[in-house]
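Every chain is named by a letter (A, B and C) in the order it is written, and numbering of its residues begins at 1.
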Amino acid sequence: MDIVRLATTSALVGLIVAGGVSSCGFGSGTAGLDDARPTTVDVYAASSLTDVYSEIEQRFEDANPDIDIRLNLAGSSTLARQINDGAPADVFAPADLSILDQLEPNIIQASVTPPEPYAKNRLVLVVPAGNPQSIEQLIRLEQSDILTAKCISGVPCGDATDRGLASAGIELGLVTEETNVRSVLAKVVAGEVDAGFVYQTDAKVAAEVNVVEGFDSPAVQLVAIDLNASRPPDSARSSSVESKEASARFVSYIGSEQAETILTSAGFEQP
Amino acid sequence: MSSSIRAVPRSVVAVGIVGVTVLAVPLAAIIFEAPWAEVGSHLGSAETKSAIRVSMIVSFSAAALSVLLGVPLAFILARSNIRGKALLRTVITVPLVLPPVVTGVALLAGFGRRSVLGQLLGFGLSNSMTGAILAATIVAMPFLVLSVEGSLHSIDPDYERVAAAFGAPPLARWWRIGLPLSRSAILAGAVLAWARALGEFGATITFAGNIAGVSRTLPLEIAVALESDPGRATAVSLLMLGVSLVVLVTLRDRWIRR
Amino acid sequence: MTTSGLSVDLKTTVNDFVLACEFEVPVGASLAVVGPNGSGKSTLLSALAGLVDVDRGRVVISGHVVVDSTKDLVVAPEKRSVAIVPQKSLLFPHMTVAENVAFGLRYRPVEDAESAISNVLKDVGLDRFRDRKPGQLSGGQQQRASLARALVVQPNLLLADEPLSNVDADSRHSLRSVMDQWRPPTQTQVIVTHGHHHAQAADLLVGLEAGRVAAFGEPRQLANDTKLDWLRDLLRASD
């Protein structure tokens, strides 16, 4: 009998703890009774989009004061894992189209098919300012004393680098693999590596690196998919009409001319 | 049995059960969800073997360095009356509370290519196995120092005084009396430091990079595999869980006694 | 004129307890230190061995000045020709009995150390226990080993803090003669004791009260002269 009462108490405490966590962890995406409160849209964007999405968020919110964009920035495949685990993402903007394959079929199936890329990006080879190792050609990277940083295989920037290197027939002599493209950039900027593969948009932001011409990488296709649109009304996170409408408005803004201007000036190419 | 449970209020026990559940559920889940059929082949893969090799070299070197450099510090903290002991203890404890990635950044500043030392030498210690060992040592040594220092307080300093009265000079007193008497404390501290070094991630990837066969330790291998081969990530995680359990069992008696 | 074996004039403070005393013992003599608990007997031994700091004063052991505060001189404990039998034995727990006894000889070598160790162990009755660790010995056996460790060094100054307190009454007598047997003619002995045997048999006696010398002299004389009741009782006691 003691055990039963203990179990009941434990379950209650557990519920209280869990409930407390969930209620402060994830805010509601729907506007409540208070009409003044803006509708929140949770946007899960790749870390390579940090700067450009911050700007888009600001412009969009200026134009749509009734909507609050909440950015969650991380590596694309990390975000995909979070979404598969039930994270309340309204919009998913990975660094490459290919990441969508990592989403559970039931999450992706009802979404817009096929997603239309709104921009593309490219990998470039960068070296620390002044190019201390005088790396002019890709073939230098095969030397075992030249340390190159790239993204881990399996994330968009890593896969695109792998494909570019394979088609150029280059095998890196000494390589350190970073979990995301910003770490690669940071190590090149710090001069801790001799070269690194980053997006051309990253190379544009960092003044302390030089781009080495001659690396022809396949482009990554940027897509933004509206997960909110396909979410059934009776799902755990019930979406109101306002919420769905807000998510749709943001996704269409990504494809708009205003967003295109921001993207182009950041170095993204037209799809 | 029930009388011993009532020694603690029922509500406190209930919170305790929730606590242990929070701790145990993820561990149980990784065991249940592991692709057991493939674990063997994953652990036998060239990538995993290379990471095991790197991890063994790095963690044992870091533990050895921690003992070599940390034991004297533990004695200073426990036995001497030098001024600035509080400051010394703070310096030693900082890596314990610092996020490892910050330790990594600090290491870059101190020993990286662009650091004063790096420019003086013409090379940095970053992106090398030496760097991985250094990073692991810095995060592991505080565990050894604090654990050994704690045990030293329970060893009667009068033994060393008696040795002095019998003619043993300071170094001999330390070597023949102080050190042997703290042998088991040092051993326990070394195991603790080794385990911490084995699990080191943030400082290693920041300072020593993630170079296969050089600085890609088991935790880094898990991070790599997570993106491309989740099954292997789980298999390597299981390996590390197993190692942790072995360490805990080794230290169990000690922790129960305290 | 007798040479001084031990000349003491010191003041020391340990945890707010002040010990201040002055006396002199001729070379080769034995001094019994008696007094109530907390009178400073153990502190005196520690100060002579150099294990506690001395506030001021002058200590001379067999002609060697080991403390002279006017010259800022303090000789480190390991450089004084002393050996100590601590109250709580304090055998090194990780060494065997034989290794414990050999400890001091490494720093103060004697001729044929091996047989000296065997002999002293035989004399204190521990020859069968030479390879045991202290943890495997009884309290009395530990005290014998601790005594052997000090005797074998044959120091100029032997400091013993109730060396026979844990030994059964029958063995005390024989161990006292072992102490005499291992005593070179130039050895001065300072023995803290609660027992009347050591107190009455010593050449000189110092009675401490609250960190001061309350009585000093030959035990036989003090037995008649002293105004201290506890000391008179001690010196007139018999089995």
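Following the convention adopted for this analysis, a residue touches a chain if its C-beta (ideal position, glycine included) is under 8 Å from a C-beta of that chain, and two chains touch if they have at least 3 such contacts.
This structure is a prediction, so every number in the text was calculated from the model and none was measured.
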Quiz item: Which neighbours do chain A and chain C have in common?
Solution: B
Quiz item: Based on the averaged CA atom positions, which chain is farthest from chain C?
Solution: A
Quiz prompt | Chain pair showing more contacts of the two, A-B and B-C | solution = A-B
Quiz prompt | Chain nearest the overall C-alpha centroid of the shown protein atoms | solution = B
Self-check item: Distance between chain centroids, defined by C-alpha means - chain A, chain C (Å)
Solution: 80
Quiz item: In whole angstrom, how far does the Cα centroid of chain A sit from the Cα centroid of chain B?
Solution: 34
Quiz item: Approximately how many whole Å separate the CA-defined centres of chain B and chain C?
Solution: 47
Practice problem: Would you give the residues of chain C that are in contact with at least 2 other chains, written as numbers and ranges? | Solution: none
Quiz item: Where on chain B does chain C make contact in their complex?
Solution: 156, 158-159, 161-169, 172, 176-177, 180-181, 183
Practice problem: Going by the contact rule at the top, pick out the chain A residues touching chain B in the complex. | Solution: 2, 5-6, 9-10, 12-14, 17, 77, 147, 149, 152-155, 158, 174-179, 187, 190-193
Exercise. In the complex, go through chain C and note every residue touching chain B.
Key: 49-51, 76-80, 82-84, 86, 88, 90, 92-94, 103-104, 106-108, 149, 153, 159
Quiz item: Can you list the residues on chain B that touch chain A in the complex?
Solution: 2, 5, 10-11, 13-15, 17-18, 21, 108, 112-114, 124, 126-127, 205, 209-212, 214-216, 223-224, 226-229
